[in-house]
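Both of the next two complexes hold chain A, though its partner changes from chain B to chain C.
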Partner chain A sequence: MFPPLPNPPVQPMPAKFGEQDLVRRSASNVAPPARQLTQMAKLIDTSKCIGCKACQAACLEWNDLREEVGFNHGVLDNPLDLTPSSLTVMRFSEWINPETQNLEWLIRKDGCMHCADPGCLKACPAPGAIVQYSNGIVDFDHDKCIGCGYCIKGCPFNIPRISKVDNKAYKCTLCSDRVAVGQGPACAKACPTQAIVFGTKEEMKQHAEDRIKDLKSRGFVNAGLYDPPGVGGTHVMYVLHHADKPEIYANLPKDPRISPIVEVWKGVTKYAGMVAIGAFAAVGFLHHLISGPNRVSDEDEQNAERLTGGGS
Partner chain B sequence: MTAYDVEPGDQIHAGHPVTVDRYTKSARINHWITATCLVLLALSGLSLFHPSLFFLTGLFGGGQPTRIIHPWIGVLLFFSFSGLFIRFWRANLWRREDGTWLAQLRDVLAANDDKLPEVGKYNAGQKTVFWGMSFLIVVLIASGLVIWDQYFAAYTTIDQKRLAVLIHALAAVVIICVWIVHVYAAIWVRGTVSAMTRGRVTGGWAWRHHRKWLRELVGGRQTRS
Partner chain C sequence: MTNSWTDIKNTDLVVIMGGNAAEAHPCGFKWVTEAKANRGARLIVIDPRFTRSASVADVYAPIRQGTDIAFLLGVIKYCIDNDKVQWDYTKSFTNAPYIVKEGFAFQDGLFTGYDEARRDYNRSTWEYELGPDGYVVVDATLQNPRCVWNLLKQHVSIYTPEMVERICGTPKDKFLKVAQMISETSSPTRTMTSMYALGWTQHSKGSQNIRAMAMLQLILGNIGVRGGGMNALRGHSNIQGLTDIGLMSNLIPGYLTIPTEKEATFNAYMSTRGFKPLRPDQMSYWQNYKKFFVSFLKSMWGDAATAENDFAYDYLPKLDVPGYDVLRAFDMMHQGKLNGYFCQGFNPLLSFPNRKKVTSALSKLKFLVVMDPLQTETARFWENHGDHNDVETSKIQTEVIELPTTCFAEDTGSLVNSGRWLQWHWAGGTPPGEAKHDTWIMAQIYMRLKALYQKEGGAVPEPIVNLSWSYKDPNEPSPDELAKELNGAALEDITDPNDPTKVLIAKGKQLPGFAAMRDDGKTNGACWIYSGSYTEAGNQMARRDNSDQDETGAFSKWAWSWPANRRILYNRASADINGKAWDPSRKLIEWDGTKWSGYDVPDIAPGAKPGVVGPFIMNPEGTARLFTRGMMRDGPFPAHYEPFESPVVNVTAPKVRGNPAARVFRGDMEQFGNAKEFPFAATSYRLTEHFHFWTKHAQINASLQPEFFVEISEQLAKEKNIQSGAWVRVWSQRGSVKAKAVVTKRIVPLTCDGKTVHIVGIPLHWGFTGAARKGFGPNSLTPYVGDANIETPEYKAFLVDIEPIAGPVA
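Presenting the complex of A and B:
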């Protein structure tokens, strides 16, 4: 068992990290921070999850959000997808293992992965609306969000959702407010089976290794850690019993990376576009400087008068 | 042959200098609505295009208002430009002399107008701008609707939206460059701007730059004193 985080003291305390710890800020440059915070991570062990949705309830509770009363779609997924209020949802998949013919019930808690190389932040055009702290947390600043939906196009995991109420993007914050005072995320706190644990990224990898060893000893030979290198690793990781087939867990991408289209859009297009516009303006300016205006001469006017049958 | 180049309202007035009506009042209003839309779209779009231009959102009252208003101006532009298209497309059809004119771009830029073939109401440069704008505006409205998440998010996949936003940004860059050419040409070739402000040009201007058009007007005896 992973030792749970202690309860917080009741007296107020200052936040342990903030503006000064930003390593990335959307549509801006930040000076490298003076200190490096310990990298934190959440580990979600799909093999321990019982699908109770305590994490979903805790998330709504802590973030003071209310989900709309929905419908029974005949499946356990509820709501069916992430929403601006449901920053995490349990996704249930029934999978028949072709080797054993066993029906396996795979439950994955979906939500922001807190990528080391976040596509949402890369795509965001509003300065400071998406930030990344040196402890790995990727957070949205709603005061600065303009609601364009670019983060959705940037994210390889299809996570952010735009609210129809205030037209701003919402996603899991990794409970940055709780982490700032030494707590773990609300979902981890609520999880009754310790399928969700929180600690330093190193500790989480260590703990995952023990879990994977255990799973392997029980016959899950492909058990492994999901910490995809395509996005530089993530600060929300999964232990999967079938790490060779992440897609069976409700389409968890096998090798996620920021879409090359987004890379081109946010990379060469920006520079080439600015250069092209500047070059056209400069060439026009220079042409005028060198060749002067193209004026109509008196001769032209006389010719016109002759052609049209003279002046009055 | 009917003079395809002569548009309704084009007319010669005798005098010193001779003046030629080039654009009707409604064509001019149509043009300036389109122009205003295009400039506002370029400003609001560029503010999201590059971080160094985000300050331009201030012109529209902030980031959220900019994001809201940009697509609506785009819709207005689309309809307004459609009006221009219907007015101008015939006179912009490609003619034999246009290839020659383009091949002599060097003379065009050196203002050697006497060495160029006589052209109708529009020269090959203006026609290129016209067709370029027409094509790009269709691309921009199509890609723009795909990335208009507030109303149309549900109709396309994220991958389609990624492609659309890239196409939209590229088309926007190109149309802004075309716009620079368009505005520069109007300024460089003196006597042009009055066509869109007061609706007329001098006979000398028409003789120098659009002699075939002038001849057609004379031929059609669209002269009033």
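Presenting the complex of A and C:
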């Protein structure tokens, strides 16, 4: 059994990390932190998951969210997709293994992967609305969110959802509030079979190794760890029976990467762009002094929409 | 459970059949996960549906519902044919070598002595041959053709892999794979655990389903050992406690039985409960019956129970029928013969079969009292909810009284889990509104009844007015007082039989265990198996030490397990005939030359010599029974019978419909459907998102699985032109429901006796109250018939038809 984290003390304790541990901040810069926190991670073992949805319930409970009572859509998944309230959902896939002709019912807990190289953060134009701590947690600061939805475009896993109530983006925080006081995420605490465990990223990789060995002994020759390098690795990882085919797990991307548009827009070109912006700003100011305020044409607007992949 | 949840981690092979542990017992299922990690255990799931348990199984085999006995007897045959029997265990610890009376036989699907008119057997030939010494005749060589082993061999001979495939629809290669894996546990160093639940009990031959697996486990030597056992997964957190405490019409606490009207006197009652040993020098534990029974009577009636009045034996009700089980009670209600009903923590409108009959029965009551923490459908049975409860309210005269009670988190007390652990818990919240503890309500009713009887007299007032009620606050007995009463105390000084001057237990002290109980009225104790749970050392159920010496999984200092804090029943059988552990890596108790000791409380007298006293001391034989003599109504061996509603005839006995010994009330037989009109084999089950009809009242659970659905295969969907997520109507001879269709690869049509059998899966969590969408339960469709022995309704196998419909107008 993976040793469970002890319960927290009842008296209040100071948060173990905070503002001073930020390594990234959307649309702004942070000074490199004075210390490096241990990298944390959640490991989701699809081969131990029984799809009980205790994680979904625990997530709603802990975050004091409620999902609406919906409908049956001909599947056991409910709600059908992530929502601003359901920050995690179980996705059920019925897959016939072509080699054995046996049915395999693949159940994957979906939610934020907490990428080391977070596409949402890179795409976010609102300063400080998305932050990354040196322990790997990617968190949203809703006070600063402008609801533009660029984070969704930036996310290679299609995770954040915009609330129709307050027009802000929501996703799993890896229970940063719990982790800050030495606890694991609520979903891991609730999971009855330890299909979700939480610890340092190194511990999780080690635990995954043991699990993969066990799965190989049961005939799953392609069992492996999902920690995709295309996003610098993730702080939510999966043990998959068929790591060579992540797409059979409800379209888990095989080689997730941040959209090139975001990369181009916010990546290497950003710094060159900033130089250019500086120069243009000076020129622009002069131009403004000489010619008066600028007007945005429809064509400019359309170009901007196309550039961000938005519109429609 | 013979073992415990935590012990499952010790197994090499988990077989989930007749249950769906991952779905219905997700928290306990962690021990299966643990066994896989701990010992590389393998998991086999055998189920009509590819379940959540199957999703993490190493091997899944489909089976048609209601054919488990054919499958299991097929595995027994496989083990015998392939010499995969733990011979030393089978020969010494079971009744395999015992000789059965001449005259016993099985032919055309019937055992000797069948009386068709009574749907019952004369069981006189289902018995051992007794020698002149009164002991059973034994042939240790197993050569005698009438020994149990040879009768068993003959009985299972028809269940070839081909026959199993023909009856069960399980492809032969899958069956052989499962049989081979199971048979490997005949090694003394390999073991298998059987995890089952209502998938086995809810059949007209439910008890025999379990018997079949118990027999298999015995010949493999898997009973009494760590990681083995017959492990019934109980469906409510305290349903084990319910049966322990005797909340059945034919039981009193501790599995003692209510007298029948033929047992008019105490002596007549005791005369059939002597349990004389059937083998020389055997310990027959039930010979202590009188001590437990008298202590119970003393708890009930205190000083009014004296030796002179046979400890108030006359106060006990006497049964005129085998039992007033729920089917009989509702049938009587339906006939107008029962006109008041107390419904405490139960939702019969959705829980009992043939809902139309249940509604009609409730409508005939004069009064219905519902004690429940939730607004149940039963309390609202008279309310019209359109399709979902289509009643004419004005025609129902039943007076309904709702008494809101507390839920488990608002109570202090103990819950007994599947592993027989009595775990004390403390109230976590205060009751809302007018909700009261059940004990308070019961006490109020009792106090008022007593006052009425005292004032007015009436017929037989003694059992009520003399009831022992010495609680500090008679208006609300405390959980501690009630628990102490179950444990029992000395009513006078208990002295050493060899030295009367030596006081063993002083008057007024709690008993240390049931061994201290007396048959002379000097002790009380309402439930002998709970004796030891609340002693002078305090409340043992409240123990919270989770240390586990050598990680055996026993956790002996956590809570308290009945009987005597024993964690694994029959643990004497974990050691060989000489008292050495069969498997040194799974040592439990061993004989050290003078006594038994080890990790668990020995299930045998500590000084009982190996080779002399058999391990199964609750049986007068001292051995476990492959052949149950006359103790089960429907046969000493399990035999394959089809469900009462089956898509195919019984190929082993075409003339026999259903279980020939199952009771069928007048009018219900006519309401059984046939395969021509109702071609599809339906089954009912729980889903992990919900707990029965409770959690639909909780918003979060309701959102996780909001709406009633039925599950069908892609093939049936195509045949019937049903779209996944669209509406269907499902109906049986007894009723009709509307549901969303879930079309899935997890259900596949089976081929049984050359015929394609489609399965329709119907989960049970919806009604017309609560936070989830209004829906139906499977009980609108299911037949009114129960298991031949204990009357658990046949919910798991019945016939329906299905068609696509337009959805309801929003």
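Everything below uses one rule, namely that the second predicted complex is superposed on the first by the 266 of 312 C-alpha atoms of A that agree within 3 Å, B and C clash if a C-alpha of one lies under 4 Å from a C-alpha of the other, contacts with A are read in each partner's own complex, and residues count from 1 in each chain.
Just so it is clear, a residue touches a chain if its C-beta (ideal position, glycine included) is under 8 Å from a C-beta of that chain, and two chains touch if they have at least 3 such contacts.
Quick caveat, the model's predicted, so the values are computed rather than measured.
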item: Chain B versus chain C as contact partner of A:51, first or second or both or neither; value: second
item: First, second, both or neither for A:252, with chain B first and chain C second; value: neither
item: First, second, both or neither for A:28, with chain B first and chain C second; value: first
item: Touching partner for A:67 - first (chain B), second (chain C), both, neither; value: second
item: Comparing the two partners chain B and chain C, which touches a greater set of residues in chain A; value: B
item: Partner chain(s) touched by A:137 [first = chain B, second = chain C, both, neither]; value: neither
item: Chain A positions touched by chain B in one structure and by chain C in the second; value: none
item: Parts of chain B lying in touch with chain A, wherever the complex brings them together; value: 12, 14-18, 48-51, 54, 57, 62-64, 66-68, 109-111, 113, 147, 149-150, 153, 158-159, 161-163, 165-166, 169-170, 172-173, 176-177, 180-181, 184, 187-191, 202-208, 214-215, 217-218, 223, 225
item: In the complex with chain A, residue positions of chain C that touch it; value: 22-23, 26-27, 29-30, 33-34, 36-37, 40, 42, 50, 52-56, 58, 60, 687-689, 699-709, 723-726, 740-746, 771-773
item: Contact set on chain A toward chain C in their complex; value: 1, 47-54, 56-57, 60-61, 66-76, 78-79, 94, 96, 102-107, 192-195, 210, 214, 217-218
item: Of chain A, residues touching chain B in the complex; value: 27-28, 125-127, 144-150, 152-153, 158, 162, 167, 259, 261-262, 264-265, 269-270, 272-274, 276-277, 280-281, 284, 287-288, 291, 293-298, 300-305, 307-312
